[in-house]
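Alright, structures below, take your time with them.
The following pair of complexes shares a single chain, subunit A, combined with subunit B in the former and subunit C in the latter.
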Partner chain A sequence: MAEKKEARIGVFLCHCGTNIAGSINIKEVQDYARTLPGVVVSDEYQYMCSTPGQGKIVDAIKEHNLTGIVVAACSPRLHEPTFRVASKVGGINPFRFEMANIREQNSWVHMHDKEGATAKAKDAVRIAVAKASLLEDLFPKSVPVEKAAIVVGAGVAGIQASLDLANAGIPTYLVEKTPTIGGRMSQLDKTFPTLDCSQCILTPKMVDVGRNENIILKTYTEVEKVEGYIGNFEITLRKKARGVMTPEEAEAKGIVGGGCNGCGDCSGVCPVIKGNEFEFAMAPRKAIFIHHPQVVPNIYTVDFESCIKCGLCVEACGDKKAIDLEMEDSFEKIKVGTAILATGYELFPIEKKAEWGYNRFENVITGLEFERLICASGPTGGHLVRPSDGQTPKKVGFVLCAGSRDNTGIGKPYCSRFCCMYSLKHAHQIIEKIPGVKAYLFYMDIRSFGKMYEEFYYRIQDEGAKFIRGRVANILEDPKSRNLMVFAEDTLLQRPVNIELDLVVLASAVQPSPEADTVRKLFGVSKSADGWMLEAHPKLNPCGTTTAGVFLAGVCQGPKDIPDTVAQAEGAASAASIPIHVGKVELEPYFAQCMEEKCAGCGMCVNLCPYSALALVEKEGKKVMQVTEAKCKGCGTCGGFCPGGAIHMQHFTTPQIVAQIDAFLLGGEQ
Partner chain B sequence: MAEEWQPKILAIICNWCSYAGADLAGGARIQYPPDIRAIRVMCTGRVDPLFIMKAFQDGADGVLVSGCHFGDCHYLEGNFKAAKRMFLIKSVLKNIGLNDKRLRMTFVSASEGAKWAGVVTDVIKTVKELGPSPLKEFQK
Partner chain C sequence: MAREKNYGNPQLENKLRDRYYYVDDTKPEFLANVEKIGRTIAHMCYQCGTCTGSCPSAPRSSYRIRLFVRRAVLGLEEEALTDPDLWLCTTCYSCTDRCPRDIAPTDIIMAMRNLAFKWDIIPRNFLQTVQLIYKSGHGVPNNDVNRAARERLGLPRDPPTTHAYPEFIPGIQKILDHYKLKENADRMLAEEGK
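Moving on to the complex of A and B:
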């Protein structure tokens, strides 16, 4: 515990240009700080985080033999690490530094109340000085990092991230909830603006994943439980019952030369017909199925919800003995050092915007359904047809911002970012494929922000697509022809538009899937107001999260197109590989400690600890609590409850917090 | 003394959600009244009932405890445990004759800067309506 040493505190105030000094009288706070108990020096500088600013701290520590540092500046969430280093350079323990937040929680939110802000800054400094007087030397705990990583979600983001990690020599678990990797990108026909065939550029990467020795592919698998912390995550995976064994699994069971080789004989004889989810139920699949011919791994899956267990498939499989209709979910525990979440998106249920008639009118489809209908490997062999009668449409409407940029409370307030561009691409594709076709794009704004995107927009204009600036108000169906009457307003010409169309494609908004939200919570990642996963910093740490060792890639962090997704995946892979390559990480030493002389051994804390870090042990004839530091994450829940006040919560001790409360309410000026 | 009475309100807020949300309100320059002083803890689970009683004993007019939303706690369920304690503390406050509206627990995430500003504004308004804490009279 704190050795009795007279506190000698240095207070340093930052102007942050005019960010702070514009709303707070720095000189007044500086003079005030000198009156506080224990303060031996009070200084100020334009930018405390700059080299000369930090130099002031270093010099003052030596000159005044300081025992504690207070910097009143921005948020500790921003610059606490900076000033801890400065404290260390000056020669005192970095945990003897305390920050008073007078910018984010003061000058920036009380910009027009200089008197109020200055009074608040004085209190903030007084509270910080009170804490700094009681701070103790602490030492970060260095822990080894498991040389393995996990990537959750095997769309293009997860694929890219795992390939990068694997190529950097890191064994990587790639976990995917569906039977195949590939994600949304594998459902697309062509990609804007280059018009590359999506499958053609993705499948080589998918095959690489299957072949890479460092990638341990876990398809049809979900994350069940996450324990541990950076460097030492213990993750329980639920391998869903697939009903089919891989050759490796078969061999492990002693079936030589057996296991699924993807021949499809089973599917041929299966009598159950269901809608193929990959094709949005526009094509059939059997109860034993693969979603499409390019699946990786090329292993069939039994849909146990629709399987009638007739056993025909087992017969058809013959000596390979790959099918086990009694298979059950199995669990596996893995250890990894870092994790990347790449859980992607799902479409916003656009039927909620009832005025556009999705699900009511057969000829209103979503952009992803369009992708399957125009794709050569899709259910129609690439011939775009109307779902109602199989005819080739001659007049096609595209409704952009369908559910995006929607402040009605029904849709999503954000821009889904890639719908403008894919709608332009859709227009191009029908103009290319269907002679004489007319494409109408109903848009609010065309957001063609990427490389060569604006040029692509011009190209589609030149190709003859009609652009109508206005949101579609209503769509009605002619019950006979099943044509669609589209009502909108052309806001540029300021007149109503009323067109009869054969087919309407809704560029639906995107949203995180419920399963993605489960994964988010398992890994302790926060979410943004819009529901996507929250990055550690929107600009300076877009791949990181507030959970150390957990990184984000792709749309799970917010809508983005393929180039941005791949770029972020590479960034996340790079970030996730750093702790693994360094081999150790330092944990902030915010551990609970038991003050055994006060501990009554009641054990209440043991049950409160969410990490099972506490236990009762017998010591010198009495029961006391003992902390396993490696498991303690420093929340302090035990310390908040201990009836005897026997828990010493490092860096947030009861005397420190009470001193802060007293300093605020009882003053302390000399 | 200023003409208008300035209440003394203590906020104890968690590092991961509410403190970050308060920082976000700053970044977005969302203005709110200054009559609140925040102390940062890693988790609202750390909030010992003693802290709150000490604050009222010291003459605080109001106390705000703010953490993550349920299910979003950085430490799984510290906020839940804190919320359960609030019921106990509120009943104690009532027993000693303090209006339990002087203590509030809220849930503000790291992305809810505007909500933080709204919460603070509302807490200040509530405490101002209640007037100075009657416990002040017992102080020296």
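Moving on to the complex of A and C:
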């Protein structure tokens, strides 16, 4: 602890243009600050964060020999680092700086009460000065960063992020819950607006993932537990029982030349038939299966929930001895420096909007089901058919905003962002494949805002798609023909319409993957009101989170199309690689410290610590608590509890907090 | 801008009348009144047409509920209240069930009917209904055809309403008198007869 010397505080007030000065009388607060004990200089400036503003702090420290700095401005989340640097440049320890938030917590919320806001600003400054008078020199602890990263989710976002990290020389664990990588994009037929075949542009990346020696691919694996902090995450992975060994795993067990080679002999003899999830159960799979021919890795998986353990597959596999029907989940601990979450999305269960008849009417399908039905590698070989009778539909309707932009509580209030464009693409695909087909798009707005998107809209309109500006009110089925009557209002014609269609495609809203919440909580990431993972800042830090070292990529952060997803994945990879390349991170020195002369060695704190940062050790014949500083987050649980008051919480000491409370309640009197 | 064109011919004047929407013609308080009476958020309408698409009246009439909501949003009071279509809503509430913005369009229509009544705008069949309720407690009183049907179904000839308990009719009359409904209905029907 630093030796006590007389406090000499400098107070600096920021106008923030009119953001603060518009509703707070800066001059009045400035004059008031001069009257506070310990304050030797009180100054103001238009923008304290600007170079001249910071210069004022640097100069004042030298001129007045200051021991503490108070800046009354915005939130410390924005500019605390700025002013700490300025304090350091001025020649004092950066932790002798204290910030008073008079913008977010004052001027912005009390915009129309100048008098009240000014009084509140005086309180905030007085409290900050009281703390600044007692601040001590602190020194951040630098810890090394593990040269490895984890990416959770292997859709196009996770694939891109892993490739970028791996190509930057960082060993990257790519963890995927399903047996193959590829995610949603591998289910799509074509991509807008270029009409590239989705598999054709994705599979090269999937193959790269399989080959890249810096990528450690963990399919059919989930994150079980996350411990540690930026630079030193210790992550426990649950490798789900796959029932099938890779060649490497087989070799490790002494089976030379064995392991799964993807030949499929096992699947051929398996007697159990289930719906293939990849094809939305529109095609069968066996209990031992691969989802589609282009899986990476090309290793079969046993679905133990439906396997009857007849053993036919084991026989068929023969000398490769790849199949182990007694396999159990196994656990592995890995150490990484940073993490990227890319857990993606699923469709909103659109049957909840009962008026559109999904699950009641066979010929009402979702956009993703349409993708499989129109895809050459799909269950129908790319021939779009009506589920009810296998006939080629001649009149197809597309229902946009199905469950999106919906404030009823059944549905999603947000725009799902890619449905307009894929519905346009769907219309193009049927016009291209089915001669004489009619495509009707029921829309409220066509949101074609990306590069070449509006041009794509023009093209589809030119190809003959009919656009009906009205949201679909309800759909009824003719029980004989299984045709669908689609009711809506053509709001431009101002007439209700009743259009008989062969097939209706619902552009269903999207929502976070079911596992996203579990993963999010493991990594300590918040979610926003709409349920998607919360970025650190919506504009200036869209890849980061409030947990240092954890980044977001793709739709898990909010609906986005493939170009935006890939862009964000590259951003997240870049952000996640920075601490790894720097090689060390500085931890804020808000550690608990044991005052050994007061510690009774009761050990209560050790069990309370949520971060396992404390331990009891033997020192000079008595038991005392010891802090592992790198693990301590400064939460204060131990300090608040300690019956002997033996724990010193750096930067939040009891005298500092009491001084703040006194300053507030006693109005500055001691 | 000149709104009168002075053709000197009323038919032509009407045919070629100015159809611009002028902000001066609007009454913002109309939206406020509709929202207050209807207890719903008319101003949140994004004009998707789910209401009209759901409406059983729209395919067989010129009634477009979406247009009424639009008129509320724009404060077009006179246009809304003088449109006879206002009275074609069956109050089935299908639009309210399905509105994605969680607005209750039916309640917007009911609010407008309330406001129209203050202007003495109300179709005569509604006034006759008031008179019937005053007299019998029923908008559609029981009749012999119904009585026979009820008998066949093993039900009492009259339902357990004011038909079976006429002693409650004075209570209903008291409510209608309180709101001057009967008085106004009688007056308007009499004026119409003149």
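Keep this in mind: the second predicted complex is superposed on the first by the 664 of 670 C-alpha atoms of A that agree within 3 Å, B and C clash if a C-alpha of one lies under 4 Å from a C-alpha of the other, contacts with A are read in each partner's own complex, and residues count from 1 in each chain.
Quick note on the criterion: a contact is a pair of C-beta atoms (placed from the backbone, for glycine too) under 8 Å apart; a residue touches a chain by one contact, two chains touch by 3 or more.
If you're wondering where the values come from, they're calculated on a predicted model, not measured in any experiment.
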{"item": "Contacts of A:V256 with subunit B and subunit C, given as first, second, both or neither", "value": "neither"}
{"item": "First, second, both or neither for A:L540, with subunit B first and subunit C second", "value": "neither"}
{"item": "First, second, both or neither for A:P496, with subunit B first and subunit C second", "value": "second"}
{"item": "If touched residues of subunit A are counted for subunit B and for subunit C, the larger one", "value": "B"}
{"item": "First, second, both or neither for A:H112, with subunit B first and subunit C second", "value": "first"}
{"item": "Contact set on subunit A toward subunit C in their complex", "value": "355, 401, 405-409, 411, 444, 469-474, 487-491, 494-498"}
{"item": "Residues of subunit C touching subunit A in the complex", "value": "44, 46-55, 58-59, 64, 66-67, 94, 98-102"}
{"item": "In the complex, subunit A residues that touch subunit B", "value": "75-78, 101, 103-106, 108-113, 116-117, 119-120, 123-124, 127, 521, 524, 526-529, 534, 546-547, 590, 608, 610-611, 633-637, 639-642, 645, 649, 652, 654, 657-658, 660-662, 664-666"}
{"item": "Complex contact set, residues of subunit B against subunit A", "value": "8, 10, 15-17, 19-20, 22-27, 29-35, 37-43, 45-48, 50-51, 54-55, 58-60, 68, 71-72, 74-78, 81-82, 85, 109-112, 117"}
